[in-house]
Structure formats: C-alpha cells, structure tokens
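As structure tokens, here come the structures.
Two complexes are shown next, each including subunit A; its partner changes from subunit B in the first to subunit C in the second.
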Partner chain A sequence: MGGVGAIPVRIDQALTSGLTGNGRPVLAELAALAERLAVTGASGAIDLQALPLSPADLEWLRETLGRGEVSTTIEAAGPSSIEETGFAGVWWITHRNASGQIVAELIEVATVPEIVAATRDEVGASAARLAAIVGESVPSGKETRA
Partner chain B sequence: MSATRTIGQRLAEEGVSRRAFLKFCTTLASMMALPPSMGPVMAQAIAAKRRPSVIWLPFQECTGCTESITRSGTPTLETLIFDLVSLDYQETIMAAAGHQAEGVLAAAMKENFGKYLLIVDGSVPLIEDGAYSCIGGQSNVAMLKEAARGAAAIICVGTCSSYGGIPKADPNPTQAVPVSAIIKDKPIVNIPGCPPIPVVITGVLAHYLTFGNLPELDPLGRPKAFYGETIHDRCYRRPFYDQGRFAKTFDDEGARSGWCLYELGCKGPTTYNACATVKWNSGTSFPIQSGHGCLGCSEPNFWDKGSFYRPLATANWGNAQTVGAAAGVGVALGAAAAYAARKRQDRFVKEASAPPPATKQEH
Partner chain C sequence: MGGVGAIPVRIDQALTSGLTGNGRPVLAELAALAERLAVTGASGAIDLQALPLSPADLEWLRETLGRGEVSTTIEAAGPSSIEETGFAGVWWITHRNASGQIVAELIEVATVPEIVAATRDEVGASAARLAAIVGESVPSGKETRA
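Then we have the complex of A and B:
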C-alpha cells in the first residue's frame, strides 16, 4: 500500500496560491502598531491566521519584513519560534504543537514578545529557589543543585 | 483541599508552564476570532480562577462525543480541558461505578448547587415515561430535570443533545427530544456535530472562565465564534466552486483534481461548523479534504434531509433561495469573513473590558 500519498488527488496550484494583495494592508497595520509602541509603549499583535493570506502572501510579507538579529526557540507544548524581523520591535512568531503543525502564527509588535519575558512572579519563585540552594550549600567548592 | 487551588497553580504543579498555557490561550483566541491581544488576557484571567465543577450526563448517545474529546490526540492542548474544570461526574471515564457513582453525582450537585456546569451528550427519550434510557433506575428526563435545577448553564455536546440527532431520526421510536425541549429556564449552549470538534468545547469553557458568561450564540444556540460561517465559506476547494469546476463522480478527472464536491451531495453550503478551518485528527484534514462531501452533521435533522449523495438543490435542504444566498455570500469571501471576524472581535473586546456580568444567555 502506498499510503495517502499514492491517491492521485492533486490541487490546482494556480487557483489556491499566488499573491492576493492582502499582504500590503498588514504592513499598514504594522506601521500603526509600531508608532503606537514607540509613542505609548503599548504592544500589539496581528493574527496571521485570521486573515485571508495565501502562502505566497505570507512569503512576500516575510521577505518584505526581512530578518533581524534575534531569534529564539521556546519549547512549551511543542516548539515556538520567535524571530525579530528587519524592523526592531516587530517579531514573527510561529507556534507549533508537539507534532510540528502550526497552531498559531502572529506578528507581535513589542520591545520583547510577551511569551519570552519572564514575569515578576516567576522571578520571585526563582529567587526563593536560588536562596534555598545558597542556604543549604556546603562550602566545598563543589556545585550543588536542588 | 484541591478545590482551593487556582487553575494556574494546578497547571504549574502538573508541569504546564506559563508559556505553554499562554500559547494555548493564543491558539484558542485565534480560533475564536478574538484579537491576538486577548490571548494573554485569557491566560491571566483563567490562571487566577478556581476550576468550576462540571457534571457530564450521557443520555441516548453512542459515546462518540466523549471519544472525540478524550482521544483528540493526547497529549495536545485540547486535553488541557481536564485541567480547566473539575469533572466531578462522567460515567465513561470515571473510576466509580454503581451506587458509588450515583453518590458522587448527588454530592457534586449538592455541594456546588447553582454553580456547576452541566454537560449533556445524547438525546432524551420521552415515550413510556422515558423508560428507553435509564441510569440507576432513573429515566434520563427525570435526571436531566433534577441536574438542571442547580446548574449555572447547560452545554449540549453533540447533535443529539442539541437537536435530537440520530435517535430522533424518522420514525423516532423513542420520541427523542433535545435538552432545549425540556429545560426552558437555564442558559443553554449547543455544540452540535456528530461528533463535535473537541476544541470548540474547550473554547466555550475558556470563554466562560475568562468572561464569566457564555459566548455569543446564533439562533440555533451555537457559539458564533465557531459556527459563524459555513463549511463552504471556508472550504479550500471554494475557488473551484466559484469557477464552476465540479467532480461528477468519485473517480472522475474532477475528483482527482480536487474540484468542488457540490454535485456529489456536499452539504457544505448549508452547514455551519469550523471543520474547514480547525480540521480533525490534530489538524490533519476534514471530510472534504479526504474526498467526501460534508454530511451536514451539525445541523438539525441532518439524517432526514434526503440522500447524502444528492446535490443540495434537489435534496430537502431549505429552498433554492437559501442555497443561492449561501453561494452569493462567498463571492466576496475575504471581505465577508473579515467583516464577520471584526464584528465578533468588537463584541469580545467590549465584554473583556466590562466587569464580568452574571451568567446569561445572549442573542
């Protein structure tokens, strides 16, 4: 048995791909979000899955935005990639599930994307855990871990 | 006592990080057509809440709805539903049985009276005082009335509890009815589908936890966020429909080229559900993508509306006008979809910024 791939169904690419022109308004919205972030400090985001964008549109957007210096991978219920675009503060975020499928894709306009920065609560818990290690460590020079 | 911990604390204990949960809420927000800024808002609101008590009653059903949720590809984000609620009674997956199980049910209803969510799958038979479906000697109809009394809201999972489903199909030997035919004084959300999409149930619960009320419903009681558009509106084969390219048989050149299945009986144009966007089996595909037309399983009386293989125009689905209207809407697909999404967003944003009102049904 050849599996699903052996079934001769093909999709007419010309009809389901190609530029729709829907990418350009996304740039306008990004410009507005960037200006708001610069002036007020308020971050924002665009849900790319909520827009009628073809694969070609998405590719065009990525090319137009370019690549920046920062890229991060988060392992949380599947991998997420966070990549700075060529525009500081404009981040391309792709969330995938454990089997690698894209579950959400967005562009976030923020100094640091919300999902990356640790929260004060989390840092508080870290402080307590570190203090506990300091409290129980033996001055032998050997590394001890909780 | 475990009931005093917040959902956030429970998630942390089970190794679900803040980032994983934020990702889950971002995904849900996207599926519910909420603005992306609502993802973090949902994550924060839900993490701070305690889990609501949920009682799940199975009536005349095939257990397919339970299968749909419990086997939605574990471990996936959908299964987080079991961390969001305290599922106090669910016959199929609970360990208790017999008198012990019925004791758990009575205790949960008493302890959380007025606050628990009641989930029902399966229709309710009325003939012979409901004798055709009983649990522990009690008829479904009696059990439903008793459980509904203390429920904050009722969530009907599947087409049977929503609209009667297959038990209600002609000639309806048990005189099966949906929950809404019996309970008139409680807010009811219908999540039809045979079975329904698992993440829709999670979405409704997440909405309830975030906003403290039920999501906006369509005239058939379905959450608009998931049932706002037809399968046809969001179908990837839509361009072929618009160009008049139809498969005529299941093995012709058109079928092989992935053309529109309208003439082979696809009920996509009159069926409101999210299969075309959310898909099935961890996002693998949905019936049309597998080469078969939509059966219309999330619509009332789908079983009795003529052949699954006759095109809509000749089957008993509304009249030519309905179909024509459905077809016309899709011509400006992008604009229409964007407009609908925008309308929903505005509403959700308003709800989110307002103080949480009491549970209520909205129209």
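Then we have the complex of A and C:
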C-alpha cells in the first residue's frame, strides 16, 4: 500500500504482521488460571471473542500453545471442536453453527472441558434406560431390537 | 457348510448369526455401573477382551448402545478412540498400536473418560511453562519463538 514510512517502526510492524500485542496478556491469564486450577481445582475460561485480538494474534496464540494429543468433536446443532493444546489442562474450544460459522471461541483451563462431561443426572437416566433394555432384549438367534 | 440340521435351533441360529447371548450380561453390568455412578460418583469399566464375546456380540452391543454426540481421539504411541454411546456417561474406548491393531477395548462408565482428563500435577507443570513463556515472549512485530 505504501505511505507508511513515517509511522514508527513498531506500529509499522504491527500493521504488517497484524499482531497487536494483545496475545501476551492472554498467555499471562492462562498461566494464572492453570496455577489456580493446579492449586484449588477451580477451572476457568477466556472468551476469545470478547477480547481485541486480531486474526494474527489468534494464530500466534495457537502456535504458541501448540497441539496436544487429545482432540474431541461434538456433533450437536453445529459441530464443536475441543483441542488439547501443548499444555495439559488448556483446551482450545470452537463452537460452530450448522453453516460452519464460528459462534464462540474460547480457551478453557480445566482438567476436563465442561462440555465433554456427562452429569450425574444424565447418567442416572442412562442407568434407567439400560435397565429397561436389559429387561427387553434377547440377543440370541435372530436379533431383536429394543 | 451344511450338516447342522440336527443341532437344536437355538444353537443353529447362534452359529449362523455368531451371537452367543453373552452381550446381554454386559448390558446388565453397564446398567449397574451407571446406577452406581449416578448415586455414588464412582466410575467403572468393562474389559471387553476379557469376556467371551464374539464379533457378532460386539456388533450387537455397539448397535444396542448406539452413538452419542461426543467423539475423542488421542494420538499417543498408537491412536485411541473414545466414543460416547447413546447413553450419557457410557464410553466405548478402543486403543490401537502403531500398526492400527486393537490392543485394548473397553466400555467405561464415568462422567468423563479417565484417559481424557489432565491431572492437577500436569496442570501445575503447564502453569510453570506458561509463566516462563510469558516472561520470554514479545508478540509484536516479527514473531519470536519461545
């Protein structure tokens, strides 16, 4: 585009790369949340859409956090992905709508991402349904369907 | 193959379909484990490889349990898959070696599969590493790598 020669170098570089410097406080907050989780067991999250982060900032954060071994997808109304970062307990979560557009993006700091866990109430309902099927099913010879 | 006409019908059908009837006790055990989890919070698991289940029994179990919304993969030495069944808190877990062969297959009844969770100790290590990176990183202008 030209014409940016008079702008101080630091801002010139920020314009070029798209980095605003707002990624670093996110890392600091993640460090604090991880420390709190390790000490107290309390989880937390950072809503990335509520922060003034450029696409380049987000890319820098993802690269800095790296990738872990665990990757989860949830197929609800729209798909969600929950990816472990290179830091255990730090999860990058992206929720999309049915059209594939990102509707929420956050980093959760928890031993397990909240959305993955079943609740005890849900498990109780599972127990009742399983018991009902056990009472009905006869899995010998021709299969019967519950 | 022929020659099975003299064998009682029930066994004949079992030979034909491959179903042994051993799937049903697994369902009953899952119902009991889910009930215990809902009431006490204690999780449990069934090692499918330790039971006399035929491929048809396993197929019947999978179809009966159905599929849930949550699917997790873990890329360690070999890939593992952790699939929520249609019953919240009941997870079908398959571990494979680097060649793709199944080395363990189990059904875990837990709010969260144990293998997915980060430990508090691991999170503490993450906190320390994050704090170290925050002290080093300068995410403005040209990117620096930790």
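In this text, the second predicted complex is superposed on the first by the 123 of 146 C-alpha atoms of A that agree within 3 Å, B and C clash if a C-alpha of one lies under 4 Å from a C-alpha of the other, contacts with A are read in each partner's own complex, and residues count from 1 in each chain.
The working rule: contacts are C-beta pairs under 8 Å (C-beta built on N, C-alpha and C of every residue); 3 or more make two chains touch, one makes a residue touch a chain.
What you see is a predicted model; the values in this text were computed from it and never measured.
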*asked:* Going by the contact rule set out at the top, does A:E122 touch subunit B (first), subunit C (second), both, or neither?
replied: both
*Looking at the overlay, does A:D47 come into contact with subunit B only (first), subunit C only (second), both, or neither?*
first
_By the touch definition at the top of the document, which applies to A:A98: first (subunit B), second (subunit C), both, or neither?_
first
*Counting only touches as set out at the top, which of subunit B and subunit C does A:L106 meet: first, second, both, neither?*
first
*Who contacts more of subunit A, subunit B or subunit C?*
C
*Applying the touch criterion given at the start, work out whether A:E83 contacts subunit B, subunit C, both or neither, answering first, second, both or neither.*
neither
*Pick out the shared contact residues on subunit A: the ones touching subunit B in one complex and subunit C in the other.*
9-10, 16, 20, 74, 76, 119, 122
*Enumerate the contact residues on subunit B facing subunit A in the complex.*
16-20, 22-24, 26-27, 29-30, 33, 35-37, 40, 73, 75-77, 236, 239-240, 243, 255-258, 282-283, 291, 333-334, 337-338, 341
*Quick one: which bits of subunit A touch subunit B in the complex? Just the residue numbers, please.*
7-12, 15-16, 20, 22, 44-47, 49-52, 74, 76-78, 80, 95, 97-99, 101, 103-104, 106, 108, 114-115, 119, 122
*Where on subunit C is subunit A touching in the complex?*
9-10, 13-14, 17, 19-21, 23-24, 27-28, 30-32, 34-35, 37-39, 41, 57, 60, 64, 69-76, 84, 87-90, 109-112, 116-127, 129-131, 133-134, 137-143, 146
